[in-house]
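Next come two complexes, and both contain chain A; in the first it sits with chain B, in the second with chain C.
Here is the complex of A and B:
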């Protein structure tokens, strides 16, 4: 670790520890887990570009910032970021804290949607088992485990299939640089199905360091839409880990629009026969935005299949990093994996780095990946122009079409339409950044 | 099937054909690495002073480096003090002036390897610079080449006879600070091949060299430098076999290619060093730095490699596409069987305008073999209209082998067009069935399908190598299915 990294790590730890206050006394396992996480962070420190998985994403520019834990703010301050007409299943967090006035919880037999702190007092044993991570292999997950304040807990009973999606919105309002550590835990029961939207918005300079853990039981199904619309001055580090049991299917859309530096790592373990996943991603960069998406799909059991499709559109001096690793373990015969990464460069200063990776330990597989980097097709541009469409409009049309491929795979038509509009806005008026993008409820 | 399986067994279990050791007096440096060793080597080779200075600089830099650990190959730590860094067949007074003067034992060794120097001179039309351990013993066809103004000799000879060329080009592509093994090689390199093609000359024959690791515990540190001056072209072949040995041997070579304006270099390798036995005991560690520099406009460098040997192959023949309109190519077949590991690929660095590169990599894993393609395509800001096409396919034979693909693509210019494709699969049951239904044995069918899989690469090899490579692949694969 370089000096700048270790100094920042030390300062952050000291500041966070002095800022940290518990809303209620915590059980001993939780205290132990926080202590262990602090110890893990002290040894791991912050990732540097000398680490293979952080080679293309440098934290150095943000390390000079003296982040403090986000203070509590009035719910009303978050109103501009929340739609007025509120749907049923919704949870809002402001600066890492649950905002009951803006949320609409569900606590029925089929669907439990409650704050994580409440879930811990209700199901202490269950959460002790799944929340304590003995392998804190990177600094950010250790920080989250040490300093998380609240988050969402969702449990969907077997065979339940609610019609409307569940929304989790995380708002951060920062006058001074601050940090939040939200956590999300989702349990989808056997043969249950759900659409879930995780949305990140905010104002000012801040860092969101979030962790989501998702467990799909047998034959379960989850459509997971992760929408990162952080403020233009924000940093976003997100980790999502998914375990998919036999026959279950996980579909995700990770849409990265906001932030000055954002990194999402999504790891999916296909843990039972016939489990499958489809991961989609779209990164749009303007100005000096840096969008980084890392994915890791582990085929652990036979007959598992995965599809992955990530795209980036980069203007100005923005940069995208895509690293997609597919591992087929020894026992995972008859597995299929497909991976594609396509990157569109719209400016001379933009840069795309893409690393599709295959690690195969079984011969009975069919795996492939493809990657392209380039600019808009000249002949397509010429075709449009020859039909009287102006240069600018033709570029917009083709760029939107390039993004649309990812949106087409969103199943929920309402979400697809809203997201299409949002991305159109971002492509047309990039200077507004993510802050303007209020989330779309019904 | 039973008889087939029996045949397979005999084929798998057969010993490494080229495993013998020649008993020749060697003039050796004492074991271990120090400034004294380096001075010893330099003195033995009667090198000019600048070379010794360069070696010492490299050695001092090497001392500051740590052995790299990012690859996907695994091996026990190497004790660099337990290696003999210089071993030369003892010379009788002076260097031999003709083949007759060469130690008859040595000549017999080459015969066993199938390189009859004398006949080759007449029949094959190939100039051979045979490297026996560390000193180049005989160089044929020198006269013919000399008439064209071509310098083709051992590295030590070049350092004595053409110090200005060596000084100008050595280390200009692979600096002694490049990486751990390149630094080590720069400090202790023993010998290798030097080749200079003057402007406008098309080399009239394929140049070739056979490397052979002999004396026990002597790691071999080749250094090859090929320069094609303006408008020149050359095709160079490299092939290797090594005697059987229990201890792991280290081979850390450096190859530098320089192509000036309109020059072309084609570098082909067939590597069949001792891969270790069935349980992964012994075998060569092949940690090589190979890089070409397309320095001039419209120059072209092409790497073709067939890697079937070595316990561990770890190399990335690369091309720096500096000149406008220059072209880089990489064609590779890497086969790992038993416990072999390979981590190989290429780097294409696009700097000039309209530069183009093609990467075709075919990995075949059998037994417990581990095969990884690791490659970088980097397009820098000024590389207008750069174009890359990469294709990396892996074929898996057996359920204990592994195949990995790690491409890195970095693009900083919007006019660039970069495409990468990779697939991993095993031989289709339908393909096998089709062949066997027409009367081919399972073995032949697999061999045929694998050869088809590698065809694109074999096509790029010079004729005599293509034949050898196909045979090699067949032999290396036998027994991996059944």
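Here is the complex of A and C:
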């Protein structure tokens, strides 16, 4: 670890420990888990570019910032970020704390959606089992485990298939640089199906360091839309880990629009026969934005299949990193893995790095990958202009079309349309970061 | 309407057009024929404003304006339309969206209000019938996966909607079956009027049976080596280009 990294890590730890206050007394296993996480962080520290998986994403600018744990703020301060019209179920968090006044929960027998702190008192044994993470493999997950305040707990009963999506919105309002550590835990029961939107927004300079754990039982299905619309001055570190049991299917859309630096790691373990995942991603960068999406798909059982399609659209001096690691374990015969990454550069200074990593330990599998980095097609541009469409509008049309290919795979038509509009806005008015993105805040 | 004077065009260092003169009056139909690689598409693309060509000499006037100074989108809005020899596929852009954007760009330029959704759809359906195109193609991405003939019809649909003053049709007849050739020709003929001019680039006399040209030009090796009336096309069909090129002292 470099000096700047270790100094920052030490300072963060000291500051966070002095800022940390519990809303209520915690059970001893939880206290132990926090202590262990602090110890793990002290050993691991923060990732550096010397680590293979952080080679293209430098944290140095972020480490220079003296973040403190986010203070509590009035719920009403978050109102501009909340869309009023969205139906239940929605759950809103402000600066890492549950905001009941802005949330609208339907706590039914089939769908349990409650704050994590409440889940811990309702189901202590269950949560002790699944929350204590024995291998905190990097500094950020250790920090999250040590300092999380609250989060969302969702359990969908077997065979339940609610019609409307669940929205989880995390708002951070920062006057001074501050950090939140939200957590999300989703359990989708056997043969149940759900659409869930996880959305990050905010104002000012801050760091969101978030962890989501998702478990799909047999034959379950989850459409997971992760929308990163952080403020232009924000940093975002997100980890999502998914376990998909036999016959289940996980479909994700990771949309990265905001932040100055954002890194999402999505790992999916296809843990039972016939489990499948389709991972989609769209990164849009302007100015000096740096968007990093790492995925790891583990084919652990036979007949599992994965499809992956990530795209980036980069203007100005922005950058994207896509790293798609696919592991096919020895037992995963008859599995299929497909990966595509396409990157559109709108300026000379923009840069896209795309890295497929295939690790295949079984001969009886089909894997393919393809990647492109390029500019807008001149011929298509001329074709549009020859129809009277101005240069600017033609560029916009082609750029949106490039993004649309990812949105087309969003099944819920309402979400697809809303997201299309949101992305249109981001492409048209890149400077209007977070505050503009009031959608999904519900 | 269109005056091309001594037009010389190169791609890189390679001269492609070597002194073209062409005058087209409103209401006229001109056919340009000529061997492969002679520069016909180059001429059409230069008229439409494609980048990548260097005009080394000469000028083009369109309604007495210097065309070479206008950006391609302005030429289109002024009323120039090029039906591409190879229409471009644009994944992710719905055909109908392009049509609407194109029409409204033109209308805005003319100081007309934008068409509302209803009027636009009505107009589009009328033109669809004219060119015999399936409505489903409106909602697919522009030209993506269209058959050769569907692409050509789509070009004519765009033309019918945009009602250009000068239409350049670059081998719109190639790849059309016999019935399609007839419908597309009818579509073009429906556009004919005393204020409009049409330039047809074609290899086949067959098209000229449907659309009757006032003038026929032969472009070979970057020059117009012969111009004549409709009968010239018939002679070409019979004798090919060889006799002309030798007659002009240009090796075949």
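Simple rule for what comes next: the second predicted complex is superposed on the first by the 438 of 442 C-alpha atoms of A that agree within 3 Å, B and C clash if a C-alpha of one lies under 4 Å from a C-alpha of the other, contacts with A are read in each partner's own complex, and residues count from 1 in each chain.
Following the convention adopted for this analysis, a residue touches a chain if its C-beta (ideal position, glycine included) is under 8 Å from a C-beta of that chain, and two chains touch if they have at least 3 such contacts.
All values reported here derive from a predicted model rather than from experimental measurement.
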Combined model on chain A where chain B meets chain C, clash or fit: fit
Partner chain(s) touched by A:396 [first = chain B, second = chain C, both, neither]: neither
Touched partner set for A:356, first chain B, second chain C, both or neither: first
Touched partner set for A:404, first chain B, second chain C, both or neither: second
First (chain B), second (chain C), both or neither touched by A:385: second
Greater residue coverage of chain A in the superposed arrangement, chain B or chain C: B
Which superposed partner A:348 touches (first chain B, second chain C, both, neither): first
Distance in angstrom between the closest Cα atoms of chain C and chain B, superposition on A: 15
Footprint overlap on chain A, comparing chain B with chain C: none
Complex contacts: residues of chain A adjacent to chain B: 52, 56, 330, 333, 343, 345-348, 350-375
Residues on chain A engaged by chain C in the complex (per definition of touch): 377-380, 382-391, 393-394, 397-398, 400-405
In the complex, chain B residues that touch chain A: 70, 365, 379, 381, 394, 396-426
Contacting residues of chain C [partner chain A, same complex]: 48-51, 71-73, 75-77, 81-82, 84, 87-93, 97-98, 101-102, 105-106, 109, 141, 158, 162
